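Each of the next two complexes has chain A plus one more chain, namely chain B in the first and chain C in the second.
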Partner chain A sequence: MAYKPQFCAGTTKVAENRRNFMNPAYKLQKIRDISDEDVVLIMGHRAPGSAYPTTHPPLSEAGEPKCPVRKLVTPLDGAKTGDRVRYIQFTDSYWFAPMHPYLRSYMASIRYRGVDPGTLSGRQIVECRERDLEKIAKELISTECFDPARSGIRGCTVHGHSLRLDEDGMMFDMLARRILDKDKTVKYVKDQVGVPLDKPVNVGKPMDEKWLKAHTTIYNSNGGTGFREDKEAIEFIQTIHSLRTKYGFMPKE
Partner chain B sequence: MAKIERAQKLFLKTLKTRFANWGEDVQSGKTVYKRIGLSQSPRKMEWVKQGNAVALARGISGYDPVRCHCGGIPLGQRQLMTYEVSGTGVFVEGDDLHFVNNAAMQQMWDDIRRTVVVGMDLAHQTLQKRLGKEVTPETINEFLHVLNHAMPGAAVVQEHMVETSPALTDDCYVKVYTGDDEMADSIEPQFLIDINKAFPAKQAEQIKGSIGKSMWQAVHIPTIVSRTCDGGTASRWSAMQLGMSYIGAYRMCAGEAATADLAFAAKHAGLIEMANLLPARRARGPNEPGGLKFGLFADIIQADRKYPNDPVRSSLEVVAAGCMLYDQIWLGSYMSGGVGFTQYATAAYTDNVLDDFSYYGADYVKDKYKGFTKAPQKQEVVNDIATETTLYGMEQYETFPSLLEDHFGGSQRATVLAAASGIACALGTANSNAGLSGWYLSMLLHKEGWSRLGFYGYDLQDQCGSANTFAIRSDEGLVNELRGANYPNYAMNVGHQGGYAGIAGAAHFARQDGWSFDPRIKVCFADPGLPFDFTEPRRMFAKGAIREFMPAGERSLIIPARK
Partner chain C sequence: MTEAIFPQIRIMPARFLYPETAEKLLNGICKVGVVRRMTVNGPRLPPTITEGPGRGLPNPHPGRKVIHVGGEEFELQVQVGTLILELENSDAIPVIRQVCDEVFTNFSYTLQEGKFMKSQMTVSDYAKYGEIEDKEMLGMSDPKGKQCPIILQGTQ
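Now for the complex of A and B:
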């Protein structure tokens, strides 16, 4: 029987959403338009339209050694040209943000090639060759992976994921990188490390509470799906823990 | 849901007090971020003044948070709040729980680092069998007089010697203890740690039975010495003064070969240090925190002596002291050099959060398994207790957004949830490795439930902890009491080691054991003469934070008065 990935256990909507994000066969729903230039502005690694800085010559000129692995693995576009490795980092609010750190890393590892995800409690970073990163970032910002109010693009001073929301429903951001404007859209006025932008970048309207709770991937008993409700997910984790423990005690079947 | 007797959302009163200043509902999910800045904090404002004065006096700029933080955005964009040191009712500035700002924290570590335990029996055998000296209670008392003269740094047999100031070294002394009541009765009270007085009767009998007729010296060298030198100095300083005191008290030749036997006994054969030396890659001598075993640390903390019927409280005191020493001092400064570890560590001993979660887990155990130590030592039981405790804690964070904001970092929450789970499992099963197993299950549940855990290091040790909890291979598994800060995987990750120590203690506190790892360590720190009160670490930390704790080793006598 062919292997069919299950991605994660659980019978609730939260578990289903997690599976969707991890499943590369699932097409991420596009929610908003964001231009290539705006992605570059928010990330702040280079000026829009400028050439990609490089850290090594193009591979075609590098005289690579004969290596079977290099024959097997097709380089990313950015690797071919010698792009720098740069990053995008997200902060996701406990209060029903669509994505959360481990899921972001699982998803990045499954869906994208050549990425280096890093996972913490209050932030999640994806590093990649610059031109490839920009494509990934665009997808992460323009689809259901992102909510302008509850997700944040923050290279540093990420404080906010676990804080109460501001009165306008926005996740706290010490550096006030983005504002909820009078037209009810969220605009980035600083890049991800807090450098002021020459012009604001509009990332669209925050999703409403109903949408957020339907699409979130965090268990939260306060208004959402409590972890306790997903017995299958909990039993699965207990099983994993028990099996690891028993194998550690006596490493045989 | 389990019947809850004592867990009554102990954190709630604290939250209400803290958030009351802002007129806020602790269950509200929203607030107004006023971005007031530093002026919210009296301590920060005090430091701004200090920083300005320092800069003026030395001509070099220093503390300048308005200019230097986030390119001109100072701390305090959110509400800056005080913390209650758990179980004390004392609210303190977070800054004052950094060990640099807290004399009690410094003294706790000083009192451990400057301590060694040295057996007397080997020395007495040398004196009696090799040198033909008579050893009696009278000679022992006389020896202790000489030793308490010499240990701070005074001469006993030499001429024209420099000595140390008694006032600068007034925290230095030696007491003895034995399991032999008759012998103990013949020791002058000033020199004796009286096991019968210090411990509840059951614990005293256990301890005396284990120590037997042997006699041990609790040696505390001067704080000022261990600070100027290092932990490894404790045994050297102690051994040198011991040797000289034997020579002086027993009228020995200063230099005959038999003195080498006394020195060897004091430096090696009869020596118990608080911590092992570390391998070259971490490069610390003995009596430094990295080599301090969790079980031994659980013995250093003495709350179980004072509160034998409240094993949760005893465990919480160990966690608090452990987080301070292992996280704030060892990992935070010795190993990392950072300042932020305090923020992680204090979550385990502020605002009564761990207290609430732990009492909940304890009550669940008492209700479902009919009491501490009564739960079967089975994986299914660990899974049950740890899951219930973890889910309860997660639900509190969700129900009270202000609580989530209080523990704003994942490492804080992970420590608290896992420590409560581990303590509950250890209390229920009376097995500290079962407690460890509960800790690791809690970590897995937390990670999957919220799709986040702590910082990267939590991936390192908490994802493989299940597999090494009961591993039988000696390089992978170990009884928790024998694990320590330098155990593989544990060596560089904040937010764990205090919890592990608390779990090691919990298994024994539940049984009302006399000790967790070594009865000689337990008795050594059951000494009311120490500057730091090891029965109440949290209360001591609170006293330090509000500047009411008087430490030892101060240099006021030998420096000019401040202007």
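Now for the complex of A and C:
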């Protein structure tokens, strides 16, 4: 019988959403349009339209050694041209954000090639070759993985994941990188490290509370689905906990 | 040591307050006129970027704003999240609850009675600040901080 990955346990909507994001066969729903230039502006690694700085010559000119692994693995476009490795970092609010930091890392590892994802408490970073990163970032921002109010693109000073929301439902941001404008759209006025942008970048309207609660991947008993409500997830976690406690890393039962 | 004979309350709104709402709430509480001591807590809004490649650059933030409370003017340095008050007597608590009801119309809040202010120094306090002379200021603000506590004259 062919192996069919299950991704994560649970019978609730939260668990189903988690499985969807991790499943590469699931097509992410596009919610908003964002231009390539806007993605470059928010990340702040280079000026829009400028050439990609490189760290090594193109592979075609580098004279690579004969290596069977190099023949097997097709390099990414960015690796072929010798692009720098750059990053995008997200913070997701505990209050029903569509994604959460660990899930972002699982998703990036499963869905994308040549990325180095990492989760650090309330934030998640994806590192990749610059031109490939821009494509990935565009997908992450324009689809259901992102909500303009409850998710934030923050390269530093990421505080906000576990805090209360602002009065207007935006996640707290110490550097006020984005604002909820009068037309009810969220605009980035600073790049991800807090440097002011020449022009604001519109990332669209925040999703409403009903949509967020239906699409969240965070268990939250305070208004959403509590973890204790998901019997299957609890049973799975308890089984893993029990096996690891009893047998360390080599469970045999 | 401060005698904990005065009632203390903690107001915690469900959302972080913008300066306009905080100003409205503080003025409402100020009018009640029985507050002995008060601390406003919340995450800090630094005037400059503290980390990353933009370190040292100005950090304009809509939450860092000058507000007027009880005739005094001061700049908020935090996004207001929690207020801790020490009152003259507990008769004023229902009045303060009414003020909160009027201000927090779009979201909920909790108002708790208990002991929320420090009444004696900890070992860490001794290590960091030495002996704090004014016991009324214990735990209210950073004794080595540049900003002094604000004294509201009130109505009494």
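FYI, the second predicted complex is superposed on the first by the 248 of 253 C-alpha atoms of A that agree within 3 Å, B and C clash if a C-alpha of one lies under 4 Å from a C-alpha of the other, contacts with A are read in each partner's own complex, and residues count from 1 in each chain.
As a working rule, a residue touches a chain if its C-beta (ideal position, glycine included) is under 8 Å from a C-beta of that chain, and two chains touch if they have at least 3 such contacts.
Just so it is clear, the structure is predicted and the values come from calculations on it, not from any experiment.
When both complexes are superposed on chain A, chain B and chain C end up clashing with one another. In the overlay built on the shared chain, the residue A:250 is in contact with chain B alone; chain C does not reach it. In the superposition on chain A, A:166 contacts both chain B and chain C. In the superposition on chain A, contact is made by A:179 with chain C only, not with chain B. In the superposition on chain A, A:211 makes contact with neither chain B nor chain C. In the superposed model, A:87 lies in contact with neither chain B nor chain C. Legend: residue contacts after superposition of the two complexes on their common chain; A:194 is shown touching both chain B and chain C. Look at A:228: by the touch rule set out above, it reaches chain B but stays clear of chain C.
Of the two partner chains, chain B is the only one that A:240 touches; chain C does not reach it. In the superposition on chain A, A:52 makes contact with neither chain B nor chain C.
Greater residue coverage of chain A by touch, when chain B is weighed against chain C, goes to B. With the contact threshold set out at the top, residues 157, 159, 163-167, 172, 174-176, 194 of chain A are in contact with chain B in one structure and with chain C in the other.
By the touch criterion given at the top, residues 8, 18, 94-95, 100-103, 118-122, 157, 159, 161-167, 169, 172, 174-176, 194, 217-222, 226-228, 233-234, 237-238, 240-242, 244-250 of chain A touch chain B in their complex.
Only residues 155-157, 159, 163-167, 172, 174-176, 179, 193-196 of chain A touch chain C when the two sit together in their complex.
Those residues of chain B that touch chain A in the shared complex are 28-33, 70-71, 73, 77-78, 379-380, 383, 387, 391, 394-395, 398-399, 401-402, 404-405, 407-411, 413-414, 437, 440-441, 444-445, 447-456, 459, 466-472, 476-477. Per the touch definition, chain C reaches chain A in the complex via residues 13-18, 21, 43-46, 49-54, 57, 59-63, 79, 81, 106-107.
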